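What follows is a set of structures to go through.
Both of the next two complexes hold subunit A, though its partner changes from subunit B to subunit C.
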Partner chain A sequence: MSALPPSRFSVLSSSSAELLSPTNSSSRFSLTSAPSVATATTGTPKPLSRPNIYDRPLNKTRSAEVSASAFAFLFSEVVQYMQKRVSGINDLERRLNTLGYRIGTRVLELMVWRTESASKAPKREIRFLPVIMSIHTNVWKAVFGKPADAIEKSVQNEDEYMIIDNEPVITRNISVPRDMSQLSCSSFTAGIVEAVLDGLGFPARVTAHNTPVDDFPLRNTILIKLDKSVLEREELFK
Partner chain B sequence: MAIFGLWVINKAGGLVYQRNFADGLAQLTSNEYLVLAGTLHGIHAITSRLSPTASSSGAHVIEAETFKMTILLTATGTKFVLLTSLAEHSANALLQKVYEAYADAVMKNPFHTPEMPIRSEGFDTRITALIGTGQT
Partner chain C sequence: MSHHLFLLSPSDTPLYSLTHYSAKASQVVPSPLSANLPSWSTSAFAGTLTALSGATSVVQASSQGGGVRMGGGQDPHVIQMIANASLDVIEEVVRRDNGMYLKSVDRFNEWTVSAFITPGNMKFVLLHETKNDEGIRAFFTEVWELYVKTMVNPFHTAHRVIVSTVFDGRVRASAKKYL
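This part shows the complex of A and B:
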């Protein structure tokens, strides 16, 4: 494997490990040595003054990162868990897609909130090309810490676009066995893209396909097949 | 200086990965490798019990006339064994890198079952990049 990519990638929001850690849990779990009469007079202990996780400013975690290793182990468990509950490769990919979709809706909401709320003239993308460009750079940077490597437009079908990642972060450590060679764990990423497109009003079917080349054995193509209504609308803009 | 082979032995003493690089040692059948790995596992357990200091991690290097085997025992009981020529001094550093590749390409791979033989293309590629043909 040539030049290793950065070992960490960013997330949009990070949950607080401190809040979840048992050593920091609120004092009501601790045993007091004082007799019960004393507690009755002093009243119940005050809850921690730390703000609720939902109340903390979202911009603070803008550049926060999670450990890529921790994520790799979590994702590995996710795939193993699902594999026991599906009937085939297509089913597994569909499930990964659904899981990514749930993340994509949140990614979109957070990104719009962060970029548009600060700008003086907030706007909404209504054309497809700026949208796919923004997915290629902004979404990828927010989720994986680097932009994707290329965007391509299908020659045969004009409703198909592709986003290419030469070294997808989430499948970096995954070796798919030969008997499942069609499986692409990047279906998870496809789900994220599908949710972002859906949220912006560009309904599409998004799938992931392995397209290895000699230099990049893990190269992956995210295939976007746009809904007919989107193409018709694009036509009206011209 | 040459690296002859690499073994990975799971915590029960089973050989889960075996690969030869440079020529120089007798070629054995896979069954013989399994037996040898099991034997080494036993010897290693004895050496760690024989040690005068408590909680010893057992034998580190076993030297023969023409080759030596360097053993890396991990915290979870997996053993990495590197068979090299006597003049090879980078064996320990190399084993650490093999351990790293194992943690990345094997343990984070959802299609690997712990304690079972390693069939991961990613691991093979990483090892090839590290050791290559075994000539240093």
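This part shows the complex of A and C:
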């Protein structure tokens, strides 16, 4: 313990300081001998170290696609995991939304990088209508492999838009129990949409709603309620 | 000649910064104002004040006879302030310009500010002294790729400082290449 500055640890008795010190840990938690930790502290890459993410290309390849069942199992686990930790349907939807948001921020950067990075003058979208069109086609294609089925604009409220998916990929294998009929697992998708809109500077509240019709019992509507600032900004362009 | 790069999150938190000293010769034109400035001020803000008034650098004669360069527009805190001040201009331009690379978006004394805005509203801000549009564009494009690779990593969250040594090394390498 003499190597440590004594003033910092003066509160602790020598025995408790020993317990806290990683170097004196028992063999069960022998972190110091793990190769990854060793490279992190010394900063010199070992020949055994894994290839780092900066060496991997970001472009999509055929072999990088994941099977739908792998995804379905993963999403099923996600829903189960969440359900154990929430107090109600709203809470569950909110959590799924948060998860989707984190994915959405990444989807946006990656998707635009793939289309724009080769260009001499890469562009961002700054108008709302092209953005929602690109969510309907590009984001859906990047995430679900097919475009969404429709975009609708609310008649009553001019700040509301809807993206409609007749057969959402993520809820294909989900049957919601009758007593939870309000729940829409597409809240996850809503989170993705919200993140994309937020990233491009169109803050909005995005929610998912089940809107079954005879032909499409799984039909889902993603409702986008735009922030007031977005409408004001759109006015300026006119 | 130096370059200063800042990566700012959508909420303007600095996630990464780099100072790069280019081997290329600098052709800095001294501002006429700088000659008229008193160089005797020793207050804590002297460097900031002289920098703001247009001096490129102030040479103070020490008692040993050698000149000690201090203050001026090269001080780290002045650089940071200029970068932060340019954010107002950048945010203004971002609303109406749909390009990601905003070249020479702001100017302050000897510094020109160029910026790159990713779709997720990350801002890369670069302070430079000479005109080098193509080089800076290529540099930003490489930094963008590195940034996307960083952010798809699940262990990186949106507002966390980028500490990866590999990231740092790659950014330095492309700075050396293009700036």
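We take it that the second predicted complex is superposed on the first by the 182 of 238 C-alpha atoms of A that agree within 3 Å, B and C clash if a C-alpha of one lies under 4 Å from a C-alpha of the other, contacts with A are read in each partner's own complex, and residues count from 1 in each chain.
Assume a residue touches a chain if its C-beta (ideal position, glycine included) is under 8 Å from a C-beta of that chain, and two chains touch if they have at least 3 such contacts.
Keep in mind the model is a prediction, meaning the values are calculated, not measured.
Residue contacts after overlaying the shared chain place A:109 against subunit C, while subunit B stays out of touching range. Touched residues of subunit A were counted for both subunit B and subunit C, and C has more of them.
In the overlay built on the shared chain, the residue A:85 is in contact with neither subunit B nor subunit C. When both complexes are overlaid on chain A, the residue A:177 reaches subunit B alone and has no touch with subunit C. Once chain A of one complex is fitted onto chain A of the other, the partner contacts of A:121 are limited to subunit C, with no touch recorded for subunit B. By the document's definition of touching, neither partner reaches A:228: not subunit B, not subunit C.
Contacts of A:238 after superposition on the shared chain: neither subunit B nor subunit C is touched. Overlap of the subunit B and subunit C interfaces on subunit A comprises no residues. Chain contact summary for the complex, subunit A toward subunit C: residues 43, 52-54, 56, 58, 105-106, 108-110, 112-113, 116-117, 120-126, 199-201, 233. Taken together, the subunit A residues at the contact with subunit B in this complex read 1, 69, 72-73, 75-80, 83, 173-177, 180, 185, 217.
Touching subunit A in their complex are the following residues of subunit C: 10, 94-101, 117-121, 137, 141, 144-153, 158, 164-167, 170. Within the complex formed with subunit A, the subunit B residues making contact are 104-105, 107-111, 119-123, 125-126, 129.
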